[in-house]
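Please find one structure pasted underneath; my questions will follow.
Should a chain be cited, it is by its letter among A, B and C, assigned in written order, with residues numbered from 1 in that chain.
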């Protein structure tokens, strides 16, 4: 049984217009996606801005309301609040945000920020709570004197670690990490990525790793899904996606990543222009008349690609 | 490869820029010596706070003289820009040097139509009539691959996508066919596929105009794909200056090597990434003497560093700061995390 | 655009109906009746009952409300018990007085506030900025009614430069002297209102200018080689004035409500004074009419502000 399973999830936003402000159209931010995350695994969800990847993450933690579809946690459907409580869903599924500054309340001390989920889910005395926060600060490598400081007094990397400490405070099983390193410098990024892997090993946490950066995703994730215009276009293992991409959009994303191999930059550029040409020419092969990706078809045991149905 | 690279277009001699913070001046960039040639891309790479953007705004003369102190020489086409008054500088900015900014939404005036924002450059630097300017705006929009330029010229910035806005910024920067284009993180705010298109566009424009480009970025991948030469900056100083091949095939300075080593690799899934020890010192806490990077490589003993580190030539066009790069190696034990 | 305005106006109808019901019920809930105190206290109880019945005051409340509304639509707001005049006539007279004072005050407020705000913002940290800030602190820290009382005392009673009560001299005949007399009556209250009411505009504009100066689009303009003077003219001023322009909608309708302080101190027969007296004398017909009018003006102000904003800011387009 998977830790988390998302079944045919749709999040549509209405567009209002006309004289009576009625719904005239919908934006299909997430348009029927399926995937499942195993215990202890890192699942990569990759896409460009507007692909619906962040909406998916927010819907899983309950920050957005799904239009339809189901979310199962350890086999239990968690759409209704009652069912969520029975599996302690809110405690077990936490989130890390991209912008560590705006996601931490600037008025609150670090102690209160990290203790907030503890106060919601556990009844600790003030001393126990402080001890636990100190433990968490130690796990994320921050000193004890951080307790009474405010978010602005920390660097971007430190704030991201505070965000992680808050997320792991309740011993969650799954962390939704929405672009956790996109705003960070390279050397700080390395630190956070190492650290996320370390607590995964120690606490057996699963991640839904949402990112646009295919280089980082390759370093972090076993399973990867590529998302485009609200749908998944390709799902597979790291090897499937990076070494045997089938969907033109995956190929296009891969070709667009700048490579640090200077000696083959001509070839890389040629290849990218070639992929771009095919992408523009073969839309009909990969997208239906509305521009939406087709349903996923298996091409191997682990690898699924959104190809036109062959009839 | 590019056409043959010709004479120096811009030369920086011993340029320092200091900012006044709480009544005292602190050096944000320190003794920068650089040159850019026509038709070449010089990349300036470094992490946030290293001074790379300050370098760009120093060349453009965008700092408020009340709380900034700049010394040295910035020779552009035979003139020292630092000797110019505001009026003379305005004849160079936009006309001879164009600038591209990181965030194309905030860099455009939200209340002005696209067309008039492009036209503004032409208004100040050309003698074209109103009608000719309109015509040129359309041409420029076509040049940056915008379909339906007449319609776009009548729109406002918020009506365009991020990639389109960056194309508008580029159109503004190239409107007067400048000899030098300074691009400050031009693709950081964009998606990878859009980034690739914008970088392609910049390359095409450079080839058409034979302009020199200073490309400021934190992204080593972008550097490897686009640059001819690279300056790596750390804490306000250039620590390594080399051709792009030399820098990636044979990096010398410990900082350059550390950065390359901390990047996720194709096969790094089971490895820990290298983490540079400590933190970038803040402007007020920069060490006044000695190697500024020394505290980030604590296992290298003090006598390996120079007291006043200077740039050493290690190959034609390849310079490295401080002697500590000689026999430098990373410790065996995995650090970090 | 026109569609949206029309829709917003249509939405205002139920809002005003709800407001009118509330106002009516609250007025009815007030103790006493319109005749208490206005007729002979020794009058026969049956006589009062008769009056009440004739005036429909024993009808169920919805019936009374309906009558009130029907009259309202016929332009009949009832008669003021205090002034023994139709409320419409009263409001028309007082409204005109308030309108002239409000218009004068508003023009002065902007004439003083706009240049000061722009000047302070563009000279941030320098002497002119400091002076302007001292001015705003002073005007902010002195209570307005103190200013008015001191103003009337110095310029009215002591120096005798301006009249201290009324809206027009009784002996003013002909167009010229009417205008002159009106102006004489509004100069002092208008000037004091503007001098001490402009602080919001000054401070808001100052910080808008300072923000705009360091904005990225100004950096772009500078990198285009645009001169400082032109950057101020074409980019900074226009963008900074935007929120002020939007606020104008509120201030116009807000001022029409009249300033109770000013009108009281200057005994200026405007809407504010009318409202104050109506409350003092339990003049219910006037109170309900004024509350309804203020509610309507508020809704109108909101709409006006939205319309102005959508005209000056292309990002906010009313579709």
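Here, a residue touches a chain if its C-beta (ideal position, glycine included) is under 8 Å from a C-beta of that chain, and two chains touch if they have at least 3 such contacts.
What you see is a predicted model; the values in this text were computed from it and never measured.
Asks: Can you list every chain in contact with both chain B and chain C?
Replies: A
Asks: What chain pair shows the greatest number of contacts?
Replies: A-B
Asks: Taking each chain's centre as the mean of its CA atoms, how far is chain B from chain C in angstrom?
Replies: Taking the mean C-alpha position of each chain, the two centres sit 54 Å apart.
Asks: Centroid of chain A to centroid of chain B, CA atoms only: how many Å?
Replies: Centre-to-centre distance between chain A and chain B: 31 Å.
Asks: Please tell me the distance, in whole Å, between the geometric centres of chain A and chain C computed from their C-alpha atoms.
Replies: Comparing mean C-alpha positions, chain C is 52 Å from chain A.
Asks: Quick check: in the complex, which residue numbers of chain A touch chain C?
Replies: Listed in rising order, the residues are 17, 19-21.
Asks: Under the touch definition given earlier, write down the residues of chain B that touch chain C in their complex.
Replies: Counting only chain B, the residues touching chain C are 57, 60, 62, 86-87, 89-95, 97-99, 101, 103, 106-111, 120-121, 124-125, 156, 158, 169, 172.
Asks: Contact residues on chain C for chain A in the complex?
Replies: 3, 6-7, 319
Asks: Going by the contact rule at the top, pick out the chain B residues touching chain A in the complex.
Replies: Listed in rising order, the residues of chain B that touch chain A are 47-48, 162, 191-196, 200, 218-222, 224-226, 244-245, 247-249, 258-260, 262-266, 268-269, 272-276, 279, 336-337.
Asks: Tell me, which parts of chain C touch chain B in their complex?
Replies: Contacts found on chain C: 215-217, 219-228, 230, 234-235, 238-239, 242, 312-315.
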